[in-house]
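Structure, as structure tokens:
Just so it is clear, A, B, C and D label the chains in written order, and each chain counts residues from 1 on its own.
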Amino acid sequence: MTTLTMAKALNEGLRRSLGDDDRVMVMGEDVGRLGGVFRVTDSLQSEFGADRVIDTPLAESGIIGTAIGLAIRGYRPVCEIQFDGFIYPAFDQIVSQLAKIRHRTDGAVSVPLTIRVPFGGGIGAVEHHSESPEAYFAQTAGLRVVSCSSADDAYSMIQDAIRSDDPVLFFEPKRRYWDKAEVDLDGVTSLGLETARVLREGTDITVVAYGPMVATALAAANEAEGTSVEVIDLRSLSPIDFDTIERSVLKTHRLVVVHEASVFLGLGAEIAARITERCFFQLEAPVLRVGGYATPYPASKLEQYFLPDVDRVLDTIERSMAVE
Amino acid sequence: MTTLTMAKALNEGLRRSLGDDDRVMVMGEDVGRLGGVFRVTDSLQSEFGADRVIDTPLAESGIIGTAIGLAIRGYRPVCEIQFDGFIYPAFDQIVSQLAKIRHRTDGAVSVPLTIRVPFGGGIGAVEHHSESPEAYFAQTAGLRVVSCSSADDAYSMIQDAIRSDDPVLFFEPKRRYWDKAEVDLDGVTSLGLETARVLREGTDITVVAYGPMVATALAAANEAEGTSVEVIDLRSLSPIDFDTIERSVLKTHRLVVVHEASVFLGLGAEIAARITERCFFQLEAPVLRVGGYATPYPASKLEQYFLPDVDRVLDTIERSMAVE
Amino acid sequence: MSITAPQRDLFEQVAIIDPESGELIDDEIYSPYLADIGDTDLREIYRDLVVVRRLDAEATALQRQGQLGLWAPLAGQEAAQIGSARGLRPSDFVFPSYREHGVAYVRGVDPAVVLRMWRGTTLAGWNPRDVNMMTPAIVIGPHMLFAVGYGMGILRDKTLNSAVDDIVIAYCGDGGTSQGDFSEALGFAASFRTPTVFFVQNNQYAISSPVGIQATVPIVQRAAGFGVHGIRVDGNDVLAVLAVTRHAAERARAGDGPTLIEAVTYRMGPHTTSDDPTRYRDAAELEFWRQRDPIDRLRLVLDRRGLADQEFLASVDETADRYAAEVREACIATPDPDPISLFDNVYATETALLAEERTDFADLHGLDLQGSGE
Amino acid sequence: MSITAPQRDLFEQVAIIDPESGELIDDEIYSPYLADIGDTDLREIYRDLVVVRRLDAEATALQRQGQLGLWAPLAGQEAAQIGSARGLRPSDFVFPSYREHGVAYVRGVDPAVVLRMWRGTTLAGWNPRDVNMMTPAIVIGPHMLFAVGYGMGILRDKTLNSAVDDIVIAYCGDGGTSQGDFSEALGFAASFRTPTVFFVQNNQYAISSPVGIQATVPIVQRAAGFGVHGIRVDGNDVLAVLAVTRHAAERARAGDGPTLIEAVTYRMGPHTTSDDPTRYRDAAELEFWRQRDPIDRLRLVLDRRGLADQEFLASVDETADRYAAEVREACIATPDPDPISLFDNVYATETALLAEERTDFADLHGLDLQGSGE
């Protein structure tokens, strides 16, 4: 076991994938010599060469479009989108092409492409550097969407994503890049990409979170006095592991979903709708959601007010517990 | 009153808007001489001139981007995206720019731009011509998203959209383009853009639909034997008029939401989540959703299986009524 | 090795067949690429042109009779398609747009299979791996970039095995050149020097929009702006198209990078069977282009060489008729897809959500799930 | 009226100041655009260059001290920005990228207001209507198209009032030219012949990527590909930049359509204060460009003409220091925004959903809603 930051764990995961399978390629803006603006691809170019770790022109549609072509030729590209807010120029490539090519060709053409996206707020950035666009992709059939919440999980998840024969949107919680954990670099077991993980057992209420909000949910659970909170790390945003959530809710009878993305039409909506359908007579309170407001992501001096924090999670837990 | 198809009603609405306000401009691929592939802009170019009804190059980002520039200069452009599946190249312009410019500039710059999108399936088309991308836009703060369901409403809604100082995504149910209704071309009263409309009163269950599914919901309501179905035309997909739905549910205690878009993370999810939160103790059954499956839109010989129809709506009404 | 031709005046189109005499023009650069084209080849090319036009007409008829939902006729563009497709090797890869029925024919796609997408029994049609040709691209733009990425893959393959010399070609129309993706493709191709040929059929229209809306200078000029080699060719001269494609392919194989070919041609029919071209173009224009018919052009060559005897022409007609009849029969006999196939191939491994929906669907429709699925 | 200059060799950069002697080169086409530039103007231009460099350094210092979240230094690009901005009229409209602090300065934006976005107290900064300059574009690409649409609006205004002769300019970097939107903008501008100037500051890098990744031929060559007029200029020669911008603006005003200007310059500092340029470029390169410093270049002219006396230089320093001090003070004093302003200006009329969230928010934070909001 080694203590690593999440950024470094991802770097090691990429290194391992590049080493294990020479069809793997890394591409994006500034991923080579610079090692990426967050250094997640640090030194990969010098190790694996400029024809496997490629600095691309500044064009996101071009990055994803050429990566699809590489995949059709038999490669397994891993693309970096520099920041969440810069994925939209590639939206057509992702939702109309990447997501649909397997289905369109009746399974004849796979596009095993991983798109890494540092996402979310809390780092005091200028506009377009703090967004949570995951729901756009989670609602798109044909894509897998995942988010890691800790260094150890990040290390295996990125390798699983690259091994997947499906396209994977891999959302990295940028404000947790520098959080450390023990990582087993030789670890071979992994939870896979589709399974949610119960991180903390509890009996009174379930809190589901993913990515950057997992740490927040755990902190809130620890502070919730007199309430036993079960915390689930969703991990996979599409598909969603409803079975794990349902099992928990059948025990706790209450559910809160937390994400940075706006509540309106965020993942919490789907979780609330489906869990309510499954557990209608077992729920003692409506599923409550904590998330961003229905506004654009604000200027950084306001982000503390926009983002869910321990207080808002606690407040929502209380509101749920208060329903009789 | 005149009997018009929805396509013609929209054409008359555009004509009226162009006539009323010379800042209004119409632009898009083939909207001029051809009058649009659905003839919604028929003869507008010959009436208002090629500098107000503009055939653009084949580039959706270019269309929306230049329209934003026109709006900043003081115009009120109405853009046509030829088919639902071709809006994605403009996604960045729409979600990162159009939606956010007012907020970004603290209200100093308005972008009163209407984007018309013929959407939805049921016309036997090839791929990318039958999609329902409304949830991508409804979840984006700063945009208004509406859909008309009949010729008469279409006529006033398109004018309201063009008059709005906010950007409006205007989804036209293309398979209803040829459905006729009585339209009052001199009508001045309108319901506005934010209000849902109760189209049919009922006491046992509420069915919410919008765009192409309104006719389906009404047909199902008429066929539902022994069940009194209230049908609401949502009209505005963002914001959603939850008050009207809540009022209805407090009466019927049951709710079904119908849309062509995939159920997973579709508008039904948000409606289910929020109405359940508001009416938790009044609902006698979980909110049920009828919609497309979690697959890409299929080949046309399969679309009848993908699209909700009267039978599926009836089946869902029955399932809801069966919950005790 | 470097194969370059001086950039010609951009308004000048490469031509091989003299449209008056049917003689072959001696072009210093491009004629050598036709050195191996003998009488038999000329006849086979002619046969291809006639057959694909006949198949195209048959497809239009099938659409009119309700057997297809839609059809995008290629009439007028036969030379551009047959000429370019014949300039490739089977191991090269093709990214078509939606109108490249002629290219598909040369690649060996069964014409009846081409119709399936237009009939609506499948989203695509054929297995791209079988013919090294992707299924049609309906959204205009993205696939131009696929061809660059595919070319990057070829280059990487070449670093592992120097014998690899595949190339890749992508097709789009004059309208398609306005999309940002088209320009990004030129830029990426230049930066990575990929073995990519961009083949633009400038058929003068994007639905109703004349090419002047897309470009105020010849489209081929776009190439030089990105440092890509550009060639403008008479798209109705099948031999010229064949020669320039071979030239571009040879450059690509040699490591000299991408080429943009603008083939100047004309769409004789409607944009699709849903279109009414009389709303935006007139009879005189149509007549102008009818005089430049690509089949007549090659026929001049055959006539001049005495290759177009009755026997040959009858055999061509016979082939065309036979194919058309076969296609008609196969099209009408195409079975509707199995409803439950809706759920197939969305993911490599089916998700729980899809499995649940598949089961619900089977219940609703009273289907037996045994034996279905992936 | 038609104002055209013959297209020059594309590798040749328009230059006015002889970098050895400080003499002004007599350029047949461009010198006339400087006919009105007298000694006072030269001194004022020099003052601008020094002031914006000083302000830039102050902003970097403020960032290092935690007063700004981030800063994108313009050092090295002063001539490109001051020269181009001075080539415009107040009624012309500007679409900047995120590094155009020098342009903002010339437009009359209070430098302390420029810092607010970087401090994070606002998403943008100033009211674009006050200065006819949009706030910074963070996403690279889209705003190039705004400038074309804005130009379409000018053309339509002109049909209503022939006296209208505004033009519009859009700025981006060398990296920005790779985006599809950049190319679409050139295409739309050519098709609609809009009065748009595209001003590309080729500062050799997009973060760590040297310009060779974006373009294998001079960026200015992109213009001709789309039928747009192109000019390459020494971006460190403020007089040359001023002249070519005036020329492009005059063409646009006269109805001769769009121009792409490539100003060849160099980013002397990091991409932003978060960047570490030592990872991707070396001291020799930096030294090469230091020899081409844009301020030194103009100083040669002043020296030669005896305009750079001690008194003048002291007054310039005094202006720069005073501005810097003012900016520092104003920056540190910038109040944090009112938390509830989060909900302002999302829509022209607030929606029920936002009103509800606003109320919940006020409850949660114990705020009084009276007097807040729209």
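Assume a contact is a pair of C-beta atoms (placed from the backbone, for glycine too) under 8 Å apart; a residue touches a chain by one contact, two chains touch by 3 or more.
Because the structure is a prediction, the values reported are computed rather than measured.
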Label of the chain whose CA centroid is most distant from the centroid of subunit A: C
Chain pair with the higher count of C-beta pairs in contact (B-D, B-C): B-D
Where subunit A and subunit D are represented by their mean Cα positions, the distance between them in whole Å: 36
Rounded Å distance between subunit C and subunit D, as computed from the means of their C-alpha atoms: 44
Inter-centroid spacing, subunit D versus subunit B (mean Cα positions, whole Å): 40
Where subunit C touches two or more other chains at once, by residue number: 122-123, 139, 141, 178-181, 184, 187, 191, 213-214, 346, 351, 353-354
In subunit A, residues with contacts to at least two other chains: 56-57, 59, 61-62, 85, 88-89, 92, 96, 103-104, 127-128, 141-142, 264, 294-296
Residue numbers on subunit B that touch subunit D, as the complex places them: 25, 51-52, 54, 56-57, 59, 61-62, 64-75, 77, 92-93, 96-97, 102-110, 141-142, 144, 164-166, 194, 239-243
Subunit C contact footprint on subunit B (complex, rising order): 29-30, 32-35, 37, 55-59, 61-62, 85-86, 88-89, 124-129, 264, 293-296, 298-302, 305-306, 312, 315
Residue ranges of subunit C in contact with subunit D within the complex: 178-184, 187, 190-191, 212-217, 221-227
Subunit A contact footprint on subunit C (complex, rising order): 93, 122-124, 127-129, 134-135, 139, 141-157, 159, 168, 180-181, 184-185, 187-188, 191, 344-349, 351-354, 374
Residue numbers on subunit C that touch subunit B, as the complex places them: 69-70, 98, 117-123, 138-141, 175-176, 178-181, 206-209, 213-214, 274-275, 279-280, 336-337, 339, 341-343, 346, 351, 353-354, 357, 361, 364-365
